[in-house]
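Naming follows writing order (A, B, C, D and E), and every chain is counted from residue 1.
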Amino acid sequence: MARAVSRNQKIGWTIAAWIVALVIFFPILYAIITSLKTEQEAIAGFNLIPSFTFESYQAVQSQNDYFKPFMNSVILSVGSTILALIVAIPAAWAMAFSPTKRTKDILMWMLSTKMMPAVAVLVPIYLIFLRTGLMDTRIGLTILLMLINLPIVVWMLYTYFREIPGEILEAARMDGATLRDEIVHILTPMAVPGIASTLLLNVILAWNEAFWTIQLTTTNAAPLSAFIASFSSPQGLFWAKLSAASTMAIAPILILGWFSQKQLVRGLTFGAVK
Amino acid sequence: MATRQTASLARLMRAPAIVLLLIWMLVPLGMTLYYSFLNYNLLNPTNTSWAGWFNYQYFYTDPAFWESIWNTLVLTLGVLFITVAGGILIAMLIDKPIFGQGIVRILVISPFFVMPPVAALIWKNMIMHPSYGVFADIAKFFGAAPIDWFAQFPLFSIIVIVAWQWLPFATLILLTSLQSLDGEQMEAAEMDGAPALSRFIYLTLPHMARAITVVILIQTIFLLGVYAEILVTTNGGPGFASTNLTYLIYRAARLNFDIGGAAAGGIIAVVLANIVAIFLMRAVGKNLD
Amino acid sequence: MGQITLEGVAKRFGEVEVIPPLDLTIEDGEFVVFVGPSGCGKSTLLRLIAGLEDVSDGRILIDGTDATDASPARRGLAMVFQSYALYPHMSVRKNIAFPMKMAGLPQDEQSRRIEAAAKALNLTDYLDRRPGQLSGGQRQRVAIGRAIVREPSAFLFDEPLSNLDAALRVGMRLEISELHNRLKTTMIYVTHDQVEAMTMADKIVVLQAGRIEQVGSPLDLYNRPRNAFVAGFIGSPRMNLFSGAVAAEYGAETVGVRPEHISVSAEGGKWKGRIGVSEHLGSDTFLYVEETGLAETITVRSDGEVSLRHGDTVWLTPNEDKIHRFDRNGDRIA
Amino acid sequence: QDTTLTVATVNNGDMIVMQGLTADFEANNPGIKVDWVTLEENILRERVTTDIATKGGQYDVLTIGTYEVPIWAKQQWLVPLNDLPAEYQADDLLPAVREALSVDGTLYAAPFYGESAMVMYRTDLAEAAGVTIPDSPTWTDIMAAAEAMTDRDAEISGICLRGKPGWGENMAFLTAMANSYGARWFNPDWAPQFDSEEWKATLTDYLTMMNEYGPPGASSNGFNENLSLFQQGKCGIWIDATVAASFVTDPENSTVADKVGFAQFPNKEGVDNHGNWLWAWSLAIPTSSDAPEAAKAFIAWATGPDYAALVAAGKGWRAAPPGTRTSLYENADYQAAAPFAAMTLTSMNAANTQKASVQDIPYTGGQFVGIPEFQGIGTAVGQQFSAALAGQMSADDALAGAQANTTREMTRAGYIK
Amino acid sequence: MGQITLEGVAKRFGEVEVIPPLDLTIEDGEFVVFVGPSGCGKSTLLRLIAGLEDVSDGRILIDGTDATDASPARRGLAMVFQSYALYPHMSVRKNIAFPMKMAGLPQDEQSRRIEAAAKALNLTDYLDRRPGQLSGGQRQRVAIGRAIVREPSAFLFDEPLSNLDAALRVGMRLEISELHNRLKTTMIYVTHDQVEAMTMADKIVVLQAGRIEQVGSPLDLYNRPRNAFVAGFIGSPRMNLFSGAVAAEYGAETVGVRPEHISVSAEGGKWKGRIGVSEHLGSDTFLYVEETGLAETITVRSDGEVSLRHGDTVWLTPNEDKIHRFDRNGDRIA
């Protein structure tokens, strides 16, 4: 394995990898490029060099304020993830360190709650939200997104906790730690990388959620998914504008994803790697 | 670990998550079940009546029903195949020593961060559009007639888009798995005279079995629920060529505002999805231990 | 201040009885070692004492008071785990401080004890490192440090040296012995290593399948094993055991002679054989003698300068004083 | 204690302009604040329907079309707008539009802009090809002209029509076309009529035009795509909503702005019907609104007689929302700025939504059928026709499929006993 | 059939020269052990021979033909890895069959060799298990089995026993020695374990920082270490090394005496000291004697029945014949 890889070989792999990477990334890249074109350029055929105009961004911003939905997206995705962590950490602790015969079934069952097609339950949920006054509130959506992502959070934390040797928790118990001490002082800090990656993944999932966030909001709590929904225009192909709006909607999470790539990979594995 | 104290504590700590999810499952499910036995159209709410099994009968006699089940299968399996096979190849490629490895990885995982409707819009308008898309430009460049992807190969086009979104997920999990492959094993196989392809078949693939299982399991759950991409691109057409089960329910719920029918469809979908899930767990679940 | 009594303590995992009811008293200040084959229940017994598992039956008394239902934290014992179980996200200082923090000791008292422990264990320079930045031996000392500062009434060690390489083990073994000499606190030590058991213990408890085979001082066990199991288990290389005619000659079902109690000669002796493998350690030579007709091989320890080679014919003579005799049940005769 | 109005709108150009003018309204109506919810048309329709049907009360003003207004009004989901102030000049509204937004003579929504359909064609290409398109063409004229204008080498398609499936996409056009062929959706007993000769002729001619003279990928072209094609000079003829006229004549976005001629929606020889396409995006107040008075004030402002002048002051008269008020078409400034004004007015006035087909029908609506089930049925039928256009099934199969599907849905809905 | 010659072989990782140019010949049928401190390049040297690393300089000859650029598979060598590197998803049978499958041997020949290997290694009952279901010792035998069936011209072992517990190690050590006696195939064996090196090797190669310090038979190295490094490295417990006045007395810079070559008495002798820790192994006792003024502690090995206790004053006398003398550079004198 550690034999010298010849330079030519390395260059060959590099070229192949870059081609694959660019092909995969191309749609996003092209959307970004298009967002910097004028509308005429945008539909004028293949062209990788835009005129670098920001008029589409200005148009988008003047049509719909970006800041409020952006803030809503941040609050909803981070809030729901934190809520989910608060519920999921104890559950994952219990399942990882005090497993019963049914632990795996419970985990599967949790995942299976994600199988209900959202549209089929829209009316019940809509009515519940109306009756409880949660409609178009951040808190309502935060709770909903928390519930949607809870199975994934529990699952990820569970696989992560299982890697932590039980002896360390026992040591803490011997050292006089109560259960609370054990979770607060030992388990949580030790699982920080795992918790961080769980947090990241769920922020992304919540950020990209585009059904409930549109159906259950009007103005107050509408996040970027709703912002995007107002840009595929019925009158004309405003692709530059659409691209600009899309870029604005995905940029924050894309950048977050890029920066936390390594961290994310750890959490993503769902216990796939032992 | 195993004292009575900790066991009872554990029960207490599991409870909130389980109770929350139970409520989150049972309340909507119960209401949906109830609705599925009603003639209930949102546009005519005053005219609601008991329907018995009619909604179910109506749903599965829908001319699109069997085709949609077939499409759901093709879509799920197609995406799984592309993402797993592609994921393995890409993971192996970016695991090699290359220049700019970090950037390459970032580029490869990016599609994962794009909202499904946005992804569908980009592909539909800028990539696959028969007049303005990049594919059309490429076809024209080679003097071929541009292909109208969504009309000619609707399901395939959707598979491509969904696979593009999920490829990073598969690639990442498989990559991490690949990195945990024991170098000595590979060396041992090399000393045993195994050429690269044999090493891949006999060592790398079996090693990744667990990761592949996880990819299949998690993705299946998400793939069964794909509809936004269909809605944005083909609207389920032409004909029913790209209608899957979830989209069929969507159609009932959002175009016909037929709450009873959509509820019945939802129940049918839940039952089918659970059958698939149980089947999957039986088939591959032991890989997870 | 550290007397531990087990009265009829038993442990079942579901249907399986891992430890049948068992009585054992460990005196204050004693260094007790549990040995036995893998899976015989050493760790389980230790964990029962620690309170990390519930007993299925019986009572555990610590200093005369019933601690059977007390939580691990309340028993006043400290445990050093095989993996050390250090808190990887805390510095050495914080690791050592953790039990005191849990007990709510005042800050200055904490610092005082940390300093003292660090000094005693030669850790002063490493107090601000994380466990990941320490060598195996240093980690083990941190684990001990964390145990010391609690001033426990007894220490429990579960194979604390088994993760170390051979060279380090020797050093750490000495350090733990010295610690015991200094603190005079009760220590219960689980190991599957012969040498550790022999060199460290005041009292060795030999376990087999959850039962106590013998309790006694190391030399007691070496010189007067109560049965064939203990005889074979204590001592390295293993005692040679013979049955059949040779045993009958000594009026026993089985007889045993340790390798160091057999002399070897090229000229003549009691038993004839042929040298199989011989292992030259420089200081000693272990000869594995085959074709004696008594047992498959007889192990003999001889001095470093033996000039015998593979295949040579030799004569073996046991030291008659050192022959151990066992009856049909494997129990020692006389 | 400001009143906040939540206004739900679609994201087309005129609505965006209205958003930009919010400040004017708020200045004239102190104490009222306006929040906008702008969504894509289909999402908006879903959203608003769910809300109004569950009495959610999330919105105070809704943007809905001529399709929804009568249906919703019958459910008593909309506040009647009969008591608008006199300055509103309700009589100025175009009669066809007003009629489409009223039930039993009561107005339930105020039109923001209206449209019919007409033919737009390239005068230069027609001239070059040696064809003329009369002001009121027949389908034969159109097909002949399309054939003559087609020039595949120059990437010019003779005709561009909607092909993308959807009740508001290809079915809007095909329903209007069928009307002009003398076809109907249902007979008075609500039996679907896709097995009729008229529908067969409609679909056959449509497929012929699209396959022979149409653009590539026609089965996914909607209004937007055709607009772009036409603006880029790739279409000879485009038959679509009248609002398109102002886009294709906009020199900023259109390369053919000064080469566009207009004609009435075609008819089949012997059938006196020009399709009866009529649509108006209108503002309505749900009964669940908690601020109906403020909402009325807003509607009076946004659809009132002075609004056009307000827009014109900022953006010129061409940008004024068309198709709602007679007075606009009498305005000389507007006539000068909008060369399509006359033909638009003609088309609007020719549309009769109360009786769309020359045969007897039990429904109202022009390019749609005014029953709640039409969204689902229309889309399903649109899928069939789109599949036929994509070459995945024959015209006969598509019609048979449409017939079966529609019969099934109508039976379920209880129309067919 | 198994002669391996290294001519000026050197290895650099980037800038770092891990192995300076080095010559070494390993004869056919020899059992050669590489020892040396951690990181001295033992594994690297083995991997160079195996072909798993490219040499930076020099040539590797196998049976006289240049194999420097041959792929690992083509060198006809077999390697047993420290982790065994068994294929975890294949049964034992398949693991053993793998190299033959790759070589395209006929099915019946494969079965024949598998049977033979399994019999030789006592694996017959386990052929259908997966490696995960085997004990450490069994795994190691599978790894050897996989190597045997190839009928290699030489075996390479990289610390194959280091993952095993002490008891198993002894057994496996013997089995490998027997295997060598039986097959007479060249074996190169890397270990950091004293006892393994001493007992198994025909020839030991002591490495330090990539350089060869000494090559010779185990007793050679034990009796006549070429320098102080080898003297300290070979033998357990370590040789006691003294410098200063004592050394000068013998006309050397440093002198060394092994623990087994010092006699102890309560009455009188050459050096006076006080007993620190003493370790009773039954067969032997290791005394750690302090306060001698010569070195911090002097290790002395004495017989099992010594009656000295912690704190007693004792007298030590080295066996004059067995004193090793080293000059200023650490090289052996005479």
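Note that a contact is a pair of C-beta atoms (placed from the backbone, for glycine too) under 8 Å apart; a residue touches a chain by one contact, two chains touch by 3 or more.
Labels paired with UniProt names: A = Carbohydrate ABC transporter permease; B = Sugar ABC transporter permease; C, E = ABC transporter ATP-binding protein.
Quick caveat, the model's predicted, so the values are computed rather than measured.
J.: Starting from the defined contact criterion, work out which chains touch chain A and chain D both, please.
T.: Neighbours common to chain A and chain D are B.
J.: Kindly indicate the chain pair that has more C-beta pairs in contact than all others.
T.: That would be the chain pair A-B.
J.: Using mean C-alpha positions as chain centres, tell me how far chain B is from chain E in Å, no decimals.
T.: 55
J.: Using mean CA coordinates as chain centres, what's the chain A-chain C distance in Å?
T.: 53
J.: How big is the gap, in whole Å, between where the Cα atoms of chain C centre and where those of chain D centre?
T.: That pair's centroid distance is 91 Å.
J.: For chain C, jot down the residues that touch at least 2 other chains.
T.: Counting only residues that touch two or more other chains, chain C contributes 52, 71.
J.: List, in ascending order, every residue of chain D touching at least 2 other chains.
T.: Counting only residues that touch two or more other chains, chain D contributes 46, 50, 54, 225, 228.
J.: Which chain B residues touch at least two other chains?
T.: Residues 1-2, 42, 132, 187, 254 of chain B each touch two or more of the other chains.
J.: Show which residues of chain A lie in contact with chain C when the two form their complex.
T.: 165, 167-168, 170-178, 181, 185-186, 189-190, 192
J.: Would you mind writing out the residues of chain D in touch with chain A in their complex?
T.: 6, 8, 10-13, 16, 19-20, 35-41, 43, 46-47, 50, 54-56, 58-59, 223-225, 227-228, 232, 243, 247, 253
J.: So in the complex, the part of chain C that touches chain E is made up of which residues?
T.: Against chain E, the touching part of chain C is residues 162, 165-166, 170, 173-174, 177-178, 181, 192-195, 198-199, 218-219, 222-223, 234-237, 258-260, 276-277, 279-283, 286, 288, 301, 304, 310.
J.: Can you tell me which positions in chain C touch chain A when the two form their complex?
T.: 50, 52, 71-73, 77-79, 81-83, 85-90, 98-99, 102-103, 146, 150
J.: What residues on chain A touch chain D, complex-wise?
T.: Listed in rising order, the residues of chain A that touch chain D are 39-40, 43, 62-64, 122-123, 126-127, 130, 135-136, 214-215, 218-219, 222, 226, 229-237.
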